Amino acid sequence: MTDFTRFDGRAVNDLRPVRITRGFTTNPAGSVLVEFGDTRVMCTASVSVGVPRFKRDSGEGWLTAEYAMLPSATAERMPREAMRGKVKGRTHEISRLVGRSLRAAVDLRALGENTVNIDCDVLQADGGTRTAAITGAYVALADALAVLKERGVVPGEPLLDPVAAVSVGIIDGVPCLDLPYEEDSRADVDMNVVMTAEGRFVEIQGTGEHAEFSRAELNDLLDLAEGGLYDLIDLQRAALDGALGEAVTLGEWS
Amino acid sequence: MTDFTRFDGRAVNDLRPVRITRGFTTNPAGSVLVEFGDTRVMCTASVSVGVPRFKRDSGEGWLTAEYAMLPSATAERMPREAMRGKVKGRTHEISRLVGRSLRAAVDLRALGENTVNIDCDVLQADGGTRTAAITGAYVALADALAVLKERGVVPGEPLLDPVAAVSVGIIDGVPCLDLPYEEDSRADVDMNVVMTAEGRFVEIQGTGEHAEFSRAELNDLLDLAEGGLYDLIDLQRAALDGALGEAVTLGEWS
Amino acid sequence: MTDFTRFDGRAVNDLRPVRITRGFTTNPAGSVLVEFGDTRVMCTASVSVGVPRFKRDSGEGWLTAEYAMLPSATAERMPREAMRGKVKGRTHEISRLVGRSLRAAVDLRALGENTVNIDCDVLQADGGTRTAAITGAYVALADALAVLKERGVVPGEPLLDPVAAVSVGIIDGVPCLDLPYEEDSRADVDMNVVMTAEGRFVEIQGTGEHAEFSRAELNDLLDLAEGGLYDLIDLQRAALDGALGEAVTLGEWS
Amino acid sequence: MTDFTRFDGRAVNDLRPVRITRGFTTNPAGSVLVEFGDTRVMCTASVSVGVPRFKRDSGEGWLTAEYAMLPSATAERMPREAMRGKVKGRTHEISRLVGRSLRAAVDLRALGENTVNIDCDVLQADGGTRTAAITGAYVALADALAVLKERGVVPGEPLLDPVAAVSVGIIDGVPCLDLPYEEDSRADVDMNVVMTAEGRFVEIQGTGEHAEFSRAELNDLLDLAEGGLYDLIDLQRAALDGALGEAVTLGEWS
Amino acid sequence: MTDFTRFDGRAVNDLRPVRITRGFTTNPAGSVLVEFGDTRVMCTASVSVGVPRFKRDSGEGWLTAEYAMLPSATAERMPREAMRGKVKGRTHEISRLVGRSLRAAVDLRALGENTVNIDCDVLQADGGTRTAAITGAYVALADALAVLKERGVVPGEPLLDPVAAVSVGIIDGVPCLDLPYEEDSRADVDMNVVMTAEGRFVEIQGTGEHAEFSRAELNDLLDLAEGGLYDLIDLQRAALDGALGEAVTLGEWS
Amino acid sequence: MTDFTRFDGRAVNDLRPVRITRGFTTNPAGSVLVEFGDTRVMCTASVSVGVPRFKRDSGEGWLTAEYAMLPSATAERMPREAMRGKVKGRTHEISRLVGRSLRAAVDLRALGENTVNIDCDVLQADGGTRTAAITGAYVALADALAVLKERGVVPGEPLLDPVAAVSVGIIDGVPCLDLPYEEDSRADVDMNVVMTAEGRFVEIQGTGEHAEFSRAELNDLLDLAEGGLYDLIDLQRAALDGALGEAVTLGEWS
């Protein structure tokens, strides 16, 4: 696009190397390790019979999500939220985003009165943890729903087409795809885009804390995001076609 | 736009009647009652000397915001968060949004090492409480900064051009401006747009919980939002040109 | 009584100007704005079917109350209790007082197994917030019970005669009625009196933090309180005889 | 007074047997076990150098108090407040009452910038725990201040004349002194009176939950209370004249 | 054993004077004051019908325990856990230890679906509070179970043989029995041993914070502990053979 | 030892396969993945300048530890402690154990006034999580201290000889080494042993919830533990002699 050089040598429209490993742990029905460069998130999907009160007797299921960072995930250790006795606003906000995004990938009626719990625990953080979480959680969700179907406890086919997420932002006036921490922390504008395989948006969250953005800049950012998201969706599909425990990758891993 | 009829008779690109009353209470430096139809929010701006730790010795000020609903604001009484002992994720999320939005209206360096506390307390809720809160809080902020300037304690002119917010959404396939609760609760897509007087975006948050949205629909929603936001910004300016204690209005109030 | 001059020019046995506005908001069954001078409290009464566990199967209803101050209600902004994660002792204590006082105005058996929730939210504080809250809450309670009766869900007439409250105190040795913050903060003795229309006491709370008080002083304070309370009870009755949305006043409002 | 018979055979103006034991434990500067019949409260006074922030550099000291019930103090075991993670409103309210009452017995200026912590822990509850707590805490306070004086760390004589407390109430229409639980739970009116040795009131808290009370009834209750309080104050003085570890008693102990 | 002299003159294998007083308070079914020297713990056992969820329909009962220190129990007053809003790790840990230890003294099947609540509240702390608590709680438990049997609500004989506890430690290289605070705070190794009357271990917790310990030292410590524990078990039996309200003692009480 | 067959085919004195991977993540100074069979714990050591208040100006450093389980670590998903708003007693207890154990491996004086934070996050739980955590944390600690030494900020050599931990228990009367969940949940006696490379005990915690244990059984359990611990210490040393990112293993990994 431009001859602007990113600090890690990528082009502005390049994703970082991405890796998805299914069957990362054995206990939950779905367990995935997703890596966007140095960002590493363990995404699991557990299933329980029954639904929360507000869905009872609706004939529909529910999906809820919790996102958290291990205290050692960041360069400077963060205090553990359980020890502080309360969850930070940022954590709540991302948990809610992950939940809404993944519900777009489930037919709640076909799920029957079952509940899926998505847990996204960040083992290592280098920017884009929420978008990696959503992208990986779709794969964990698919595995968990497959287990449910095998057991014959869901009335229909609850899994819908893939949902993936990616961050975009404007760095020194240049729109860029998939920001690591070094870029994210000094971006003028920061946007997270969640999209389905059909190219429809589930969520767009754009924030200009250091500078506002014009309609034209918004369009540039969405173009970049769409490009990356189709690649991520292809990788999600490849992971689900592969074998449990095998990793699928995008880009160069050393 | 279309011949679609909204339940309250408005055109799809009409705001509800809006009213801004400055000097609603006397204690904080800025105190505004803002009404978007039946939604009524008390927005105040208090100022204190000094800044939070992460801003200390930066030569810059800070702005922080808290949003809350009175328990009796909704049709069905909601439990009080202070009694539950914790703040809900939704409350945190909106508080953070209000804070980010208003910081776009302050030159933190010109503010000097002072902190502005914005409080938005919803007295009555009928949809769009967060956008009303942002719109009203700008006026309260302006009043509080004027007091600071009079006292001669700020090094420069900290107030920037107006920032306003409005909601848009897709109801039965039709994009609509400024959704009351009745529409909001059944909207397929719901979007909040925060914009400056120059027409640049501070924040865009679009969510498709019941249905996703295309790029074209996104553009229609943004067109609607821009129209309403310029009207709200005019009203903010009229309020600040008027006298304390007088209300300025937009649209028909019975 | 004496030639002692109060800082706002009132006689020692004068109330501040008082105003009661019914129908202040539309959502709860009863919603009242009560003003004692610059003290302004929004009092609402919501009703729900059923009773707390300790009243279950008693054939009686229950009434509970919560009092709170908005953070911007005071000259110096107070931290929000929901953010601190716990309610202050003072808040609990006043909530309990409001609840006990209003229960004296309800025939719990005639209420049937329904629960009334009183919420008193202080929008602006200038002394006497708890007594204003009780006085206003009685009117909100009356409106809420009238709605219940119309719906035909209460077995009898649950509303009893008015209950009102006022503060009295000793300032520089002189007993005074209805103390604003300026007097309250330096009073030697501070007393809150809650009384029914028949002149019987529901609650007397007298405290001498800076100086103790004699039996004779107690009697002087009670005389003053009784005078003010009969006026407040007349005003409550006038408000309930008037139209929803109209304000009734006592004393001079500029 | 009347031929009304109380369930434990006492006359309406009789206190229960009372016992005060100084030096009940050895760690805090003052430690007292106070018994009003079967109500048994351990009252301690600990002293620390320095004062809370709001008193800093005032040249004055401070006194603060905490009241609590052991879970096994009542007939039916109560959940431990520390396990619930929050303190009940009733506990807060009584702690504040004890603190205000005991501050009437201290000359804060003569105390210098030292803080006294009063702890009243109810070992066994049978009505009147808060009044027993105040009565016993005065004796513990006196012992703690004596230790401070010996150490030469207080600038003056901080101990003022005794403060004692007692409950009175109306049972089946008859005013009675010092109510045990059996009477307290069915009293129409319940009042706690805190008084100094000079017969001046520190606090009067009268509540009519089941029935209101007239001015005449109020006077009868205060007459009863005064009688009991002078006896309790004599006992406090006898305890302080006696030896540490010895108990002084009032009335018949079997 | 050696000519090592302990600061209180005891031999290394001597317990402090011990006293057990049954019927210390009247409300719970079992109430015991246990003293190990200056350590004084009130141990109570309350019984309720029904069991926690995880035991429901098991035909078995349950026993749970809570340990706490009064704030004035220690030389320096400790903040009250209920005021901090959370229980310290140490408190949780000891509560769990007391619960496990006492469950070894109950036949849960013979108890039927009833729950015993043990409360151990430390009135005065001088080392060994958890071991005194376990030793005293057995006696309170025995009293409570006797009450249950009298009422005919337990299907069998739930009380098993005595369980007692004692601390041992290595001070300046010398193994010692029953450490008071002065020794405990400087011990190289600290061990708590819980044992049944048959000499079988219920719990061994040995910690070397300042120095590790060898297998030989472990054996010396266990020898010491066993000696003390048999004496404590004899005392528990003597207490239960005696009359309620009478104290039984071991060693010299001044 | 006996012909008793364990459910996974191991001999009673066999450890499960063990694997230690250094450099598992890059952010903290030390980061280790430790696996005992299906139990998988991420152990990290972060270092910060300064010490907690109680160590200030002591010339010594400090080490503190936090243990936690991811909600998806267990077969049945566990609620997240941060969402419950408080940490469970079990979590506190294990965190304290890990801290005490690792402090035995640090010369606090040679560390200078620096603090080491150990975090042990269980990714997958199958029994023995606390012993795996201690064993892995020693290796992470060694890596973190090496980084500190390179930076020249520690006055001496703070790392002491290895500390490792293992569980032992009695299953159906037979003492066994290193219990997975299946055995742990039905063990009569359960013991955790923490030992230094010199064979001295740092901590012994033996609990007989379902049955007590004799002195002879205790000795058998300690014999088993010592055998396993020497093997684990050899593996810790091999890991530290190897390269970062390489795994060292003990036993057969499929």
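Order of writing sets the labels: A, B, C, D, E and F. Residues in every chain begin at 1.
As a convention for this text, contacts are C-beta pairs under 8 Å (C-beta built on N, C-alpha and C of every residue); 3 or more make two chains touch, one makes a residue touch a chain.
Each chain and its UniProt protein: A, B, C, D, E, F = Ribonuclease PH.
Being a predicted model, the structure only gives us computed values, none of them experimental.
> Please report the minimal path length, in steps, between chain B and chain D on the chain touch graph.
Between chain B and chain D, the shortest chain-hopping route counts 2.
> As a multiple of 5 degrees, what angle does the CA superposition of chain A onto its copy chain E give?
So the angle, rounded to a multiple of 5, is 120 degrees.
> Quick one: which chain's Cα centre is the longest way from chain C's?
The chain farthest from chain C, judged by C-alpha centres, is F.
> Among the chains, which is located farthest from chain A on the basis of C-alpha centroids?
Farthest chain from chain A, going by C-alpha centroids: D.
> What is the distance, in whole Å, between the centres of chain B and chain F, each centre taken as the mean of its C-alpha atoms?
Whole-Å distance between the two chain centres: 52.
> Taking the mean of the C-alpha atoms as each chain's centre, how many Å separate chain A from chain B?
So the centre of chain A lies 29 Å away from the centre of chain B.
> Chain C: which residues touch two or more other chains?
Those would be 85-87.
> Line, ring, star, complete or other: which one describes how these chains touch?
ring
> From chain C, heading first to chain D, list each chain in turn around the ring.
If we begin at chain C and move next to chain D, the sequence is C, D, E, F, A, B.
> For chain E, which residues are in contact with chain F within the complex?
Chain E residues touching chain F: 86-90, 92-93, 95-96, 100, 103-104, 191, 196, 198-209, 212-215, 218, 222.
> For a test of understanding, state which residues of chain D touch chain E in their complex under the given definition.
Those residues of chain D that touch chain E are 25-28, 31, 38, 40, 42, 44, 46, 48, 66, 68, 70-75, 77, 80-87, 91, 117, 119, 121, 123-125.
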